[in-house]
Amino acid sequence: MCVELTSRGAVAEIQSLADAVAATVHDGDCVAIEGFTHLIPVAAGQEIIRQGRKDLTLVRLTPDIVFDQMIGTGCARKLIFGWGGNPGVGSLHRFRDAVENGWPSPLELEEHSHAGLTNRFVAAAAGLPFAVLRGYFGTGLMGRHDSVKTVACPFTGETLAAVPALHPDVTILHAQQADRSGNVLMWGITGINKEAALAASRVLVTVEEVVDRLAAVPGGVVLPSWVIDSVAEVPGGTYPSYTAGYSERDNDAYVRWDAISRDRDTFRSWIDQHVMHATAAVHW
Amino acid sequence: MTSLSTTGSDTSARTFDRDDMMIVAASRALVGRRVCFVGIGLPSTAANLARATYAPDLVLIYESGTVGAKPSRLPLSIGDGELAATADTVVSVPEIFNYWLQGGRIEVGFLGAAQMDRFANLNSTVIGDYDHPTVRLPGAGGAPEIAASCQEVIVLIRQSPRTFVERLDFRTTVGFGDGPGDRERLGLRGSGPTLVITDLGVLRPDPVTCELTLSALHPGVELDEARAATPWELAVAPDLARTDPPSEVELRALRALLATRGGSS
Amino acid sequence: MCVELTSRGAVAEIQSLADAVAATVHDGDCVAIEGFTHLIPVAAGQEIIRQGRKDLTLVRLTPDIVFDQMIGTGCARKLIFGWGGNPGVGSLHRFRDAVENGWPSPLELEEHSHAGLTNRFVAAAAGLPFAVLRGYFGTGLMGRHDSVKTVACPFTGETLAAVPALHPDVTILHAQQADRSGNVLMWGITGINKEAALAASRVLVTVEEVVDRLAAVPGGVVLPSWVIDSVAEVPGGTYPSYTAGYSERDNDAYVRWDAISRDRDTFRSWIDQHVMHATAAVHW
Amino acid sequence: MTSLSTTGSDTSARTFDRDDMMIVAASRALVGRRVCFVGIGLPSTAANLARATYAPDLVLIYESGTVGAKPSRLPLSIGDGELAATADTVVSVPEIFNYWLQGGRIEVGFLGAAQMDRFANLNSTVIGDYDHPTVRLPGAGGAPEIAASCQEVIVLIRQSPRTFVERLDFRTTVGFGDGPGDRERLGLRGSGPTLVITDLGVLRPDPVTCELTLSALHPGVELDEARAATPWELAVAPDLARTDPPSEVELRALRALLATRGGSS
């Protein structure tokens, strides 16, 4: 199968969060929102809620609070994921309510191990139709959907697991800095961020600040402007997650979320109060 | 939960509960090990207790990509900034899974679960039917590949008829599958769960049948209690041992470690 | 096929170059010497010549001067490679003499594209028996040896190239620094160094200096001590290649090598004079 | 090699030779392009000339992992420290090949070769028989995958009966294979060589037959010379053009660039 190779139109546009989300996220899209326990673009997810996007296929290794909010407000039709919980606290109640009771609407699941979903992104970033890994065999995850198959090693004959490339319509990330040309710098735990960006048709990155010149830091990962579509400056945009060098994780907020999210009405009035009438990063 | 105290002492420093015993037993299992894949919660506490006591050079690897993390306080998530700041190196998630875990470089992995069966297979996905679950649990995360590729796995799980089950509602993670030879047939390269540490005692797989066998009881626990907590006919080692209670050094280190937990717990 | 998983014995030993080579490189070994145009461990290769190792299978993406020397002195039985030349200058005359005339002995070739050989290392580092890539089809490299096969994508049916994992007996690298525990830091162009190290049974790293604490630098790659066997302090050990932060490439030496290596006798007396009687990094 | 000068000028700044013309023609081909995969030698000179003239924002990617290199002097190897020091980011070799090249992110790739056939297939492996070569050349390097995965490829090669051959001694790199449809059959995703720039002129693949067709002659070159340098019946475009000679701006920038070449050349 020949895939069309096309270059992106231009360098990243630096715009407001609202404009960036409006330009890159459409109803029915497959939307990866990444950041592995760090650099979670919470504010961007909340802007998607404000804009009332529907029918999304949400992708994330570790769905946590922001996905709970997006699921509870009915943005999502399907979830592709590896581990959906409130880290260090317990369940995601909106996720559970959707899966267990179909509220506010049923949620289709495509469930993977972290290693498996990771390699779906890796295959896509590498322009390959699939990736090979040692995984899934003997688990109930095998055979549950059509995104895990097997492949025989042409050298040893050994049977391995295969997962198909995952190409989101849009990947949303948070980073520490962008320069005025739209080149993006992130550091600390960067997870699957590079692969998720390179796998997607469109890339939106929220950043703590737009600077004249990116910092020179150990462990820095740079995404050049020409693989990014939109950059929005959203200081504190990861709250209650954190951004190394800029903010700390609000562990208490994760605990508060457990109480807020348990009850549908409490959840809805929290969303009304904290998300629907906000315009940028929400602290609570 | 009842509190116990180490022999002949009544100082509060020597009082411990069953979770303490579980963590201390797990930390002892890491003595002599070099590289450990750690999750948050009891495993992280145990691994850091080992670093603080008898295994100061233990290399901790967290799924978030932190290799050689040396946290001075207990992390609250596997992506805690403290882990990144103290690590020898922070690598990407693909690299952690593909090069470090799947590459066979990790000696010991720690796992927990909501349910475990007699062959140490684990469920962390659903209670009830997958498509209409009673309880939707978080899911697999890194567990299946940790169990597949670490040279050994240590399972930490509280022992009760709710967690020890005849039949898993979902098999998230393979221990010994359906029994002898199954790991090899499935292409799983590590040895699997060599040790299960519960709040009641320690179980090890029988070298022939792979079935978990009670090999030690923790202080204050009688065999009947372990049997009652196990819905199947619990195999018991002929030389059933008694776990040494936490020493004063261990308990002091554990208390100090728990006191570093920032924010809420 | 179940592969035995074994942990390494201990952390890296810091020793002399001669001891490190004696401990890690044996006759008949498969030896990868990496460093992509930068950080080339030339002094270690010359120590292998001094110790008279024979029958080696040498592996390197870009065989250059040090491989020319090792081939010309008869260390190598086989070469696994992607591009064998004198960068910016022209041919490797000792390599050519071995291939064209069998001098000093015939040299078996397993030839790849860079992408193909790169993925042989990647598969090995990842504990997989093979890697998949878009490559080789339609080229004369396909079918020339048994290290390129095809595999069908289990999702799309597309046929792709496959290469088998390459596990060297020993990988030799050069890095800027090691700390006293044997943790190694390299920065700048690091090429395939990490994968080559993780692919090998044994790892020897020569470094510019052993320090109390590794530098904190942008772009730094750390290999922890527990994946390394031997570390040897060899300042200038990449000459005439270079080590970012420590030395510059001697472009003239590459040109001089062309003249030295054209003639067998000139080559042999150069080796006698500059390599056989030296003990550390050779500048010329 | 004869030197020429731009029309109506006799200043030495306007004197140029055929290599100059080749480099200038290649630099012009980069105007409007964004991301270019560059090798050392003529391609690197041409790409940096483009940056210095009409394509200041051109992103240069070298196989060594330097993305967005902005060298102030001409590099002598693809691993030159100057490339790493001025790059937006330096990535590993697996990442360059797998994510950036194979991922389809590169617009234009530059290639050279020892031999080329009429379908722009290239040989950089051996002259003579593979197992008993007359001349063992360096080999493939990155060329096969550059030709497979870049959206377009520009070939820079001097035109002579030694380099333009009826039949390659070895096919290192696929241009259009055996003709129309072959790239698709082989699963090669880019468009292949859209432009071949020689010291005599410019060739482009015929949109129907894929055969290289002379579309322009450089200043001072007559059609007979191009035909004589080509061992097959050279296809010539009906609207055969004449390359504009290097402008004063281009030549000045080229001289300045060449003067930065450090060390020996």
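In this document, chain identifiers A, B, C and D correspond to the written order of the chains, with residue numbering beginning at 1 in each.
We take it that a contact is a pair of C-beta atoms (placed from the backbone, for glycine too) under 8 Å apart; a residue touches a chain by one contact, two chains touch by 3 or more.
On a predicted model such as this, the values are computed, not experimentally measured, just so you know.
Here A-B and A-D were compared by C-beta pairs in contact; the pair with more is A-B. With centres defined as mean CA coordinates, chain B is found 29 Å away from chain A.
Rounded to a whole number, the gap between the C-alpha centres of chain B and chain C is 40 angstrom. The mean-CA centres of chain B and chain D are about 58 angstrom from one another, to the nearest whole unit.
For chain A, residues that reach two or more other chains under the stated contact definition are 1, 127-128, 133-134, 158, 160, 194-195, 219. Those residues of chain B in touch with two or more other chains are numbered 98, 102, 149, 187, 189.
Interfaces, counted as pairs of touching chains, are A-B, A-C, A-D, B-C, C-D.
Chain D meets chain A in the complex at residues 34-35, 59, 67-68, 88-89, 98-99, 102-105, 107, 149, 151, 184, 187, 189-190.
Residues 36-38, 61-62, 81-85, 87-88, 91-92, 95-96, 99-100, 111-115, 118-119, 121-122, 133-141, 144, 158-160, 188-192, 194-195, 219, 242, 244, 248-252, 255 of chain C are the ones that touch chain D when the two sit in their complex.
Interface residues of chain D, counted against chain C in their complex, comprise 40-41, 63-66, 76-81, 83-85, 90, 92-94, 97-98, 101-102, 125, 130, 132-145, 148-149, 170-174, 177, 182, 186-189, 262-264. Listing the residues of chain A that touch chain D in their complex gives 1-3, 5-7, 125-128, 183, 194-195, 198, 221-222, 224, 226-227.
If you check the complex, the residues on chain C that touch chain A are 1, 127-134, 149-158, 160, 162, 164, 216-220.
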